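Each of the two complexes below includes subunit A, the first together with subunit B, the second together with subunit C.
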Partner chain A sequence: MDNIWFNIGLLLEYPIVNLKIIIDGVMIGALFALAAYGLALVWGVMNVKNLAQGDFVIAGGYVSWTLAQMGVYPLLGVPLAFVIMWGLGWVIYKTVITRVIERDLFTSLLATFGLAIMMAQIMNLIFGSDTQSVDMHWPTWRLGELGIIELPAAKVVGVVMAAILAIGVVLFMKKSRMGQAIRATAQDSRAARVLGIDTEKVYAFTFALNAAICGAAGAIIVMIWVIQPFYGITYSVRAFVIVTAAGLGNLPGVIAAGLGIGAAEQYGAHIFGIGYQQAIAVVLLLVVLFYRLMRQRRLRQVLQ
Partner chain B sequence: MTLRIGLMSFTAAAALALAGAAAAEECGTITLGAAISLTGKYATNGYHTQNGYEFAIRKIAEAGGVKVGDKCYNFKVIYYDDESKGDRGATLAERLINQDGVQYMLGPYSSGLTAAIAPVTEKYKIPMVEAEGASRSLFNKGYRYLFAVLSTSEQYLASAVDLAALMAEKSGKSPSDVKVAVAVENDPFSLDVRAGVIEDAEGYGMQIVVDEKLPRDLSDMTAILTKVKLVRPDLLVVSGHSKGAATAVRQIAEQGVSVPMIAMTHCEAADIVGNFGEAAEGILCSTQWAETLKYEDPIFGSAANYNEEFKAAFPEYADRAVPYQAAQASAAVLVYKDAFERAGTVDDREAVRDAIAATDMMTFYGPIKFDETGKNIAKPMVLRQIQNGQYNVVAPPEFASHELIWPRP
Partner chain C sequence: MSMRKLALYGALLLLTVAAPFLFPAYQTQLATLWLMIIVALTWDMTGGQMGYNSLGNIFFYGTGMYVGAVITITLYFPLAEYTDASRSETFTFTPEMYFTGMVLGTLGAGLFCALSAYAIGPLFFGLRGPYFAIGTLGLAIAAGEIVSNIDILGGGQGISMPVYGGDFEVFKKIIYYVFAAMGVVLIVFLSWFYQTRFGKAINAIRDDEEKAEAMGIHTLRYKLVTWAISAFFVGMAGSISAFQLIHFEPLETAYQTINLGIFMVVCVLLGGKGTLWGPVIGAILFHVFKEVTWNYLLGWQWVALGALIVVIVVFFQDGLMGWLRHRKPEWFGIRVESREARASA
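The block that comes next holds the complex of A and B.
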């Protein structure tokens, strides 16, 4: 308890730390938001809750790391991971997901859970269990007293790339023919089929797009933090929390929730200790669910 | 992957060597069992351990095997992959003992796995000499058949506290002015490291200013390091296996954290010099063993000799320091050889157990002598500082080959 007061005291004593925590949180939250957006897409369009979401992120990281080992410039790893993970996503859709998509929720949960374990173990066999990262050797800008706010160039570039990717995906969904088809399928897949949309193609496209988004996020993560074959679960958990909190089909909500959770976690880690960082995300989810439940109850009472 | 290929080719070579030796001298076989982490989060260190076992077995075979009475024996190990999971390790230990009929066990990697397997070996009265479980909680349960060749974990970084106190005195301050920041993973091993550090620090009257527990799937330490920057401690202690070391070194440099003394575990396993170069300069790394120490035994020769021959046998270690995890695994096999020879039997498990308990020997890895709880009380921990990309022994002073660079650049 003393510790918590001491930590809060530090925040008050050095107000600039608050700014630093928020910046750090927003930077990590941007990447959570990407993975969450992919999840929302698959969830909304196909009603498949992809438990292997985080493992796609890590796989993308390893694609980029492998390319960097082969001498490819790390930044190019991001688009390349997008393309390669697209291919992998498409293969996984055709071999696994297409068989469970019409089944009940439980079957698809089990299938993607199995997929998550498989992917983590395969990556472990191929790359070993060491943590890996790509060091960009870029400068770090320091601002504020004590240089407390540090902006590593890699992080800034990573966030910018995440933003470009997000904007690209949004424009694609709004403007392109395929984007329209995806949205139509999400609204009512039977009606979409009646109107001549090849929903199987839409599903395959959506799943591949999700894998690609995750892959690009992973390629950014490997430049900024570290990856390890078993780190997928942390990204899966955050993606679920964010999507559940923000709701499906609510892209601004997903992004806001992603950034918010990033910042909240950093605050939690500062005040309660880093061991509680993930607990903060889950507590926030509980709060949102309770709030929703209460509101829903009130709504029902009105309807009666 | 290279590790695995290296291992397979080596195992094949070892099998040939064993076959050759057996044909020439008609040596018998003593089968040992080991559940070891070949997949999962401990896989890297699991491989180091397995390589250490295999290297020792080969060297002992080359030196004429284990001589029991007028017969000679060679070791053979049945390995199973425990996937870095405790429940799996316990199941595999049961299987080794009940189905494979293993009478003697070598330890797994990590304290957690050892804690899961020890009750099983204890139940069947199977001796287990382990080399990778340092948690002190293993040695207060009254286990009779568990022996550990390594120093227990609360000693790992405690010497850094002594060093910090010494440096405070040298610069005209009192040791009680020293501020200590501790960041350890939330697992039995690291919590012991923390306990040892805190106990010693409190003994000096030092102030613990940061005391954080890292989650197991840690990939971001920014929150802790920000705090460290604000409270400016004199000593920062980090313990979180390879991933903790890698994350800490990377982010300490990235955030420009300047602490006069930083001590951590698992530097070699994370290869922080190879991966982060400059950023690793001046960091203190605790180690069970270093190849520059002046220990010797008849099988491996000096510590330096062990280092060279190990690198020759496993080329994947060529451009890095041989991890102590491999050295202590080899030492565990050496304890078995010595105990079998003194017991004069390979069938009487109780006699062998008593012989292990009475071990008092010198090895390339350091002196080995067990107390009644089964831990090695003869060997001290060593601290090395990374100086110009080299690991140089700086503490304890009587073994030091180099001067400590303080404060850290």
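The block that comes next holds the complex of A and C.
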């Protein structure tokens, strides 16, 4: 208890520490927002809640890590992970997801949970349970008094790449024919079918795109943090927190919630200790769920 | 009840009692089998019969473990000294202390879990469908992460339970019979429970909650009581597991979200949701499959397990009982009119 008060006191006494935490949180949050955007896409278009989301992220990280071991320049790992995870996503769609779309929601939840276990265990068998990362050998800038704000170049580049990817996906969804078809299917899949859109193709494309976005996010994560086969579930939980908080089809909301949860986690880890970081992500999920519930209750009372 | 049914149940009961003597090498396996049956049956109470698919019932299992351990230890020794990682002194339990602790700890664990289910229920039962599943999964993960940071509960190292002083063979038989008795009581209780008006009411909630409410059923109260009963049994099973395993730790043993936490759902789906015997049969099939194949898969067993979940969920979701009901409806007292009969009518 004492060191919690001490940590809070530290934040109030040295405002610069807040800045450091927020910058760290925003950098992490940008990558959470990417995974969450993919989840919202799949959720909105085909009503599948993908619990294997985090494992796609980790798988993308391992793709990039393997390529880096083979001598590929790490930054090239990001587009390559995008392409390879696209293929994996397509295969998973054709083998499993296509069979659960029409079923009730618990089915898709459980099927993707099974997929998550499978992917985590396969990665564990192939890569071992040690944490891995790709060292970029780039400088770290120090700002503020005593250089308290560390700004590694790799993190800055990672955030910029995440932003480029997000902008690319948004432009694609807005401008291209396929993007328009995806949005039409999300609005009303039956009407889309009547108008001649091959919804099966749209579903496959959407799921593959989601896996690719996650894979690219994972390739960025492996450059700036570490990955481990069993870290997937926490990325899934964070993606769920963000989407539940922001709602579907609300991109600014997803970005805001992603950056918010990143900062909140960093604050929590600073105040309660690093051991609570995972717990904080999950408790935030419960808080968001119950907050939504309360809001709906109020709505219900108004209707009565 | 007809004579044939009575004879069948009698034979099953006899087999249950005789099993540890018939298969002495598999006593621990059989005890674990009963544990699987208990958690599958209790999962089906809310998942199959009431339509609330929880992914976090393992929360009550882990909590039962910790409550049982804490009660057993604090009856005789200060908890902080017992769980101190650097302790040098040993704490010995006489058989009398051991069994008092086991009985009181297990009952306490059951009651604590039932009360906590009743307390957190109003929050969780507002969540519908997949949100309920995600919310309860979050509860189980959060509990494990938080408990592993609490030093007085042993932190990430977990707790080492007192050891039974006597013969190890006797210990294995005790654990088996406790689990078996709990399982038999649960089956008898549920076969009565599902016949009552209460059982019909929770089925009505599953079929259409809004209509059930309109019929005058106080749905929240029914949901809370059902969840509390299910938590009572899971909590007791968790406490007995703590005694069986002797040492447990928070993330992999107590709040084991991806092992037992998902096994119970798979058992129920395999056997057939919303039936009394489906979860029992599913648990037996799943456990036998798991134990037979486990050692031959050379590290790939977890991958195979994930694949099995996907296959069951995607291709075989009605389970064995659902399949049987489809093929042999007359066994379930369902009369199907043939086409000719309908045409002539």
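FYI, the second predicted complex is superposed on the first by the 293 of 304 C-alpha atoms of A that agree within 3 Å, B and C clash if a C-alpha of one lies under 4 Å from a C-alpha of the other, contacts with A are read in each partner's own complex, and residues count from 1 in each chain.
By definition in this document, contacts are C-beta pairs under 8 Å (C-beta built on N, C-alpha and C of every residue); 3 or more make two chains touch, one makes a residue touch a chain.
Predicted model only: the values in this text are computed from it and were never measured.
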{"item": "Partner chain in contact with A:Lys49 - subunit B first, subunit C second, else both or neither", "value": "second"}
{"item": "Touched partner set for A:Gly168, first subunit B, second subunit C, both or neither", "value": "neither"}
{"item": "Touched partner set for A:Asp24, first subunit B, second subunit C, both or neither", "value": "first"}
{"item": "Touched partner set for A:Phe290, first subunit B, second subunit C, both or neither", "value": "second"}
{"item": "Partner chain(s) touched by A:Gln278 [first = subunit B, second = subunit C, both, neither]", "value": "both"}
{"item": "First, second, both or neither for A:Leu125, with subunit B first and subunit C second", "value": "both"}
{"item": "Touching partner for A:Ile117 - first (subunit B), second (subunit C), both, neither", "value": "second"}
{"item": "Partner chain in contact with A:Gly9 - subunit B first, subunit C second, else both or neither", "value": "neither"}
{"item": "Contacts of A:Glu150 with subunit B and subunit C, given as first, second, both or neither", "value": "first"}
{"item": "Overlap of subunit C and subunit B interfaces on subunit A (superposed complexes)", "value": "121, 124-125, 233, 273, 275, 278"}
{"item": "Touching residues on subunit A, where the partner in the complex is subunit B", "value": "3, 7, 10, 13-14, 17, 20-21, 24, 28, 121, 124-131, 133, 135, 140, 142, 146-148, 150, 152, 225-228, 230-231, 233-234, 266, 269-270, 273-275, 277-278"}
{"item": "Of all residues in subunit B, those that touch subunit A in their complex", "value": "1, 3, 39-44, 84, 183, 186, 211-215, 217-224, 226-227, 229-231, 242-243, 246-247, 250, 254-256, 270, 275-276"}
{"item": "Subunit A partner contacts - residues on subunit C that touch it in the complex", "value": "53, 55, 123, 126-127, 129-131, 133-135, 138-139, 141-142, 145-146, 148-149, 258, 262, 265, 269, 299-300, 302-303, 305-310, 313-315, 317"}
{"item": "In the complex, subunit A residues that touch subunit C", "value": "49, 96, 99-100, 103-107, 109-111, 113-119, 121-122, 124-125, 233, 237, 240, 244, 273, 275-276, 278-279, 282-283, 285-286, 289-290, 293, 296-297"}
